[in-house]
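Chain nomenclature is as follows: A, B and C, assigned in order of appearance, with residue numbering initiated at 1 for each chain independently.
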Amino acid sequence: MSDIHQLGVADLAAAIAAKQTSAVEAAHHLLTRAQQHASLGAYLAFNEEATLAQARAADARIAAGERGPLLGVPLAHKDIFVTTDFPTTAGSRMLLGYQSPFNATVVQRLADAGAVTLGKLNCDEFAMGSGNDNSAYAPAHNPWDKQRVPGGSSGGSAAAVAARLVPAATGTDTGGSIRQPASFTGITGIKPTYGRCSRYGMVAFASSLDQAGPMARSAADCALLLSAMAGPDIDRDSTSLDHSAEDYSLALSQPREGASATQPLKGLRIGLPAEFFGAGCAPDVLAAVRAALAEYEKLGATLVDISLPRTELSIPVYYIIAPAEASSNLSRFDGVKFGHRAAQYDDLADMYQKTRSEGFGPEVQRRIMIGTYVLSHGYYDAYYLKAQQIRRLIAQDFQQAFTQCDVIAGPVAPTVAWKIGEKSEDPLANYLADVYTLSTSLAGLPGMSVPAGFGAGRMPVGLQLVGNYFKEGELLRTAHAFQQATDWHLKRPEGF
Amino acid sequence: MNQQVKKEASLLVHGYEVVIGFETHAQLATKSKIFSRAPIAFGAEPNTQACAVDLALPGTLPVMNREAVAHAIRLGLALGSHIAEQSVFARKNYFYPDLPKGYQISQFEIPVVQGGEVSFLLGDEKKTVRLVRAHLEEDAGKSLHEEFHGMSGIDLNRAGTPLLEIVTEPDMRSTAEAVAYAKELHKIVTWIGICDGNMQEGSFRCDANVSVRKPGAPLGTRREIKNLNSFKFMQQAIDYEIRWQIEQIEDGHAIQQATVLFNPDSGETRAMRSKEDAADYRYFPDPDLPPLVVSREWVEQVRADMPELPRQMAQRLVSDYGLPEYDAATLTQSPAMAAYFETAAKTSGQAKLVSNWIMGEVSRRLNAEEKDIADSPVSASQLATLIARIADGTVSNNAAKQVMDVLWSDESSQVDSIIEAKGLKQMNDSCALEAIVDEVMTANSPMVEQFRAGKDKAFNALVGLVMKASKGKANPQQVNDVLKQKLQ
Amino acid sequence: MSLTLTDIGRIAKLARLELDGPHSERMLGQLNGFFDIVEQMNAVDTTGVEPLAHPTAVIDHVSLRLRPDVASEPNNREANQKSAPAVERGLFLVPRVIE
């Protein structure tokens, strides 16, 4: 089979099950393809031996008559998930060559489902960034325009899926790190409710915000991955929620009440927050988003005007809480038990300082400084505590909004993907560009990005859909209906 | 009143009032760590009991041990504290090689155990020390300072061991009171089984906050003596610290707040260098751990399974067995000793006699061999049998001690067979005794005359001679009676 | 209010980061730039608002899960120390620790 790379998760699984190809052939094909497109900077690590071993095991299971939606399907993981078969760097020099003695729960669950891991994907250092240009190793490039960023922090995942290097990948989203790169590269990605997927084995950035999710070429494929990834991790993660996993693919085929063939979303109320459609959003992005919403109306949905009054505030609130937690989470990187240690130092204190200053990049150091400051004596109440209070108000705003609508829709980001290097000298500009994704993360709500057309420079634009807690099924169904009626998600970058 | 004033005055040291508060770290007796499934055992090979979570490897997360919480509840119930329905784990952030995460998971604003008190006898005086709180936290690892070509070695086996930090108000006014408090607390935590109490292994570590002031003056600046791991050192360290502080003040120096270590060799305390820079711990609620909820039902379950506490038991021994306060207090030093007493007292029906023997003969032998009563070669029921034989006049108290010697050295031996074998039975047959008395009287008629002439001393001499003639088997009381009777 | 170089020095020391002159200057500018947008938080009245530490607590009560007290982790020292910078006889080596 020659066009294996064009197949999505479901189609590839079917082809493998039908013996039109094999897990080993698929793995081979995609590993070769990844090498051909190494200049994208999507991958950080491979281990062909381990990959092919997994593939052979999957083929054996198939030969033995076993069937499964992910059996034999090649995937790749954001390098923020620890793995035993591959080094884990979290995009940081601090963890150059780090070998984890265990697999992240999410990695293990996908492996158990028979998925084959191709390698580890590039990301911003410790998932801090929105352009993947904070990777200590190499920037990842956007396959739609290699001069532009693929978004971040899950930039490698987005670039690889968009460039057809892999049918699907894992990502993590702390303030938009799945949704924004998905939007920038024209793929589909979902961040589930906080606590849906285990955080065990995810190198921690901001513990009360981090959440794993799938990135793929369709809502249907995301559903297949999420069904395997989600579910409580009672033994390993105290914040993983006690909600048993669902079969999200099933939700896709379940029609809404009062739905019809022509109007599958009849009765669905889509809330449009005024704050997401203001002057802050670029016209080309707004145009694509409004066109998508018009399509939704054709599908039977009704558009409702709502308000999320504290959207602006989510920027300072998020950039106080996330760095505060990060400053503490990153204290374990001290050159004692693992990772980088400075070559020269005078004494213990000097070893700590040199090790951490050499090992952490500028953005990570910036956030450690902010986080350390807002937690320090005399400032805790004014900053951290205040931010956590406003965080509750923001979460309550969403609950208020969900009394008027079933899902909330708007842009994912104010612009399309920007040029590499354009914002790297201006951290604040990066923070401000997260304005539409942060509040969802602060509230711990599920959100996704669905390809909705193109904007300036023929760069992809994503439509953000936000659901209430545990409504991943409804979100995916809403996205799926749109993708049944449109072909934006099928568009692919030239040369891929 | 006058009495009271004397007491207060007597506590002053060179005119200064001593103020002491305690922070005690009790290592909780659990099988696994507080936030990981790694085992807990003292003295294992370095880092063999530190799992990925304990080492803070990237991606690891804490999962709370239920038994550690149950232990905290037990302490709270034993000390009459409030057990918080909801308490919060916080991160205490600081860098130290034995602290793998760069922060310690502890409880800050809302601890699980709040308030309560510890009461004990200091001499004949009842003292009460109020508790501020007791909170759950994880222990750190250890830095080994032996030479590694100029480096220190870090062993993280102890990292993540569950601790309960028990904090008192500054209620203690003398070294003696402080040590008595520590001993009472040690007794309670071991009694209710939440801590093995092994101070050498660091299972029960005390930090003493010591300050001095002129009576009526505001609290003085305190210095914290860390890791006092024996009652003897505690005594020495606090005494030294009090003298040192008073000297400083008398010489016109102000006391600087400091953390100090006690050096048993020099008998002195010295400030720790590593703690010099004023710490800013940046406490905040640990986002990895939702609030700890303790339901009333759970508290009641634990209460139902609580053992009788030492003070309650002591009161019961007084009321049920008519023991003096002192005996009761002594016999409730440990659950083992109390159980030993009750078994022996019940079977023999001679509570006071049993008490005397435990506090005397048994304790003396145990101490000599540095044994715990749990390992006593003579069982409670054996002691009971022996005491019963004393009570029914079969053997004299002295003979009983000889029986005890045999029992002690040969655990298989039986009380009655020993009495038989050594012929220790008292002669209770009056005819035989009268015969002996007659012999002695005829053989010592001068003495008899002396007695009749009014020399009472002669009587005791005659008793002695009769006892001797009976090879100690005669019942002294009986000898008295028979002699008196015949001498009339 | 705005930060000074002294603050930057103090925070860097707390965070165990080494910032030379130019780095401190740049850091100062960037942090002050950020704290300008933080100012807007002061306008929000949060009296009586409980901080939200665990997102889903906004809809229902979250409480800590407790595990049974079972020691099931085997000794995995070799694998655990695989990426350690300096180990001898199973101990992690660090520059002398002074108490």
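Methods note: contacts are C-beta pairs under 8 Å (C-beta built on N, C-alpha and C of every residue); 3 or more make two chains touch, one makes a residue touch a chain.
Predicted, not measured: the structure shown is a model, and the values here were computed from it.
Compare each chain's C-alpha centroid with the centroid of every protein C-alpha atom shown, and the nearest one belongs to C. Chain pairs B-C and A-C differ in how many C-beta pairs they share in contact, with the greater number at A-C.
Note on chain placement: the centre of chain A and the centre of chain B lie 58 Å apart, centres being C-alpha means. Inter-chain spacing, taken between the CA centroids of chain B and chain C, is 42 Å.
As a whole-number value, the distance joining the C-alpha centres of chain A and chain C reads 23 Å. Each of residues 14, 16, 53-54, 64-65, 67, 76, 80-81, 86, 92, 94-98 in chain C touches at least two other chains.
Those residues of chain A in touch with two or more other chains are numbered 98, 101, 208, 235, 238-239, 327, 334, 336-338, 348, 352, 372, 376.
Taken residue by residue, chain B touches two or more other chains at 52, 55, 57, 63-64, 95, 97, 154, 156, 280, 282, 287, 289-290, whereas all remaining positions touch fewer.
For chain C in complex with chain A, the residues that touch the partner chain are 3, 7-8, 11-12, 14-19, 27, 30-31, 33-34, 37-38, 40-42, 44, 46, 49-56, 58-59, 64-65, 67, 76, 79-86, 92, 94-98. Contact residues on chain A toward chain B in their complex (touch as defined above): 81-82, 88, 90, 95, 98, 100-102, 104, 199-204, 206-208, 235-239, 324-325, 327-328, 330-332, 334, 336-338, 348, 352, 372, 375-377, 380, 384. Residues 52, 55-64, 91, 93, 95, 97, 100-103, 154, 156, 280, 282-284, 286-290 of chain B are the ones touching chain A in the complex. If you check the complex, the residues on chain C that touch chain B are 14, 16, 53-54, 57, 62-73, 75-77, 80-81, 86, 88-99.
Residues 97-99, 101, 193-195, 208-209, 234-235, 238-239, 241-242, 310, 312-313, 315-317, 319-320, 327, 334-341, 345, 347-354, 356-357, 360, 365-366, 368-370, 372-373, 376, 383, 385-393, 395-396, 399, 427-428, 431-432, 442-445, 469 of chain A are the ones that touch chain C when the two sit in their complex.
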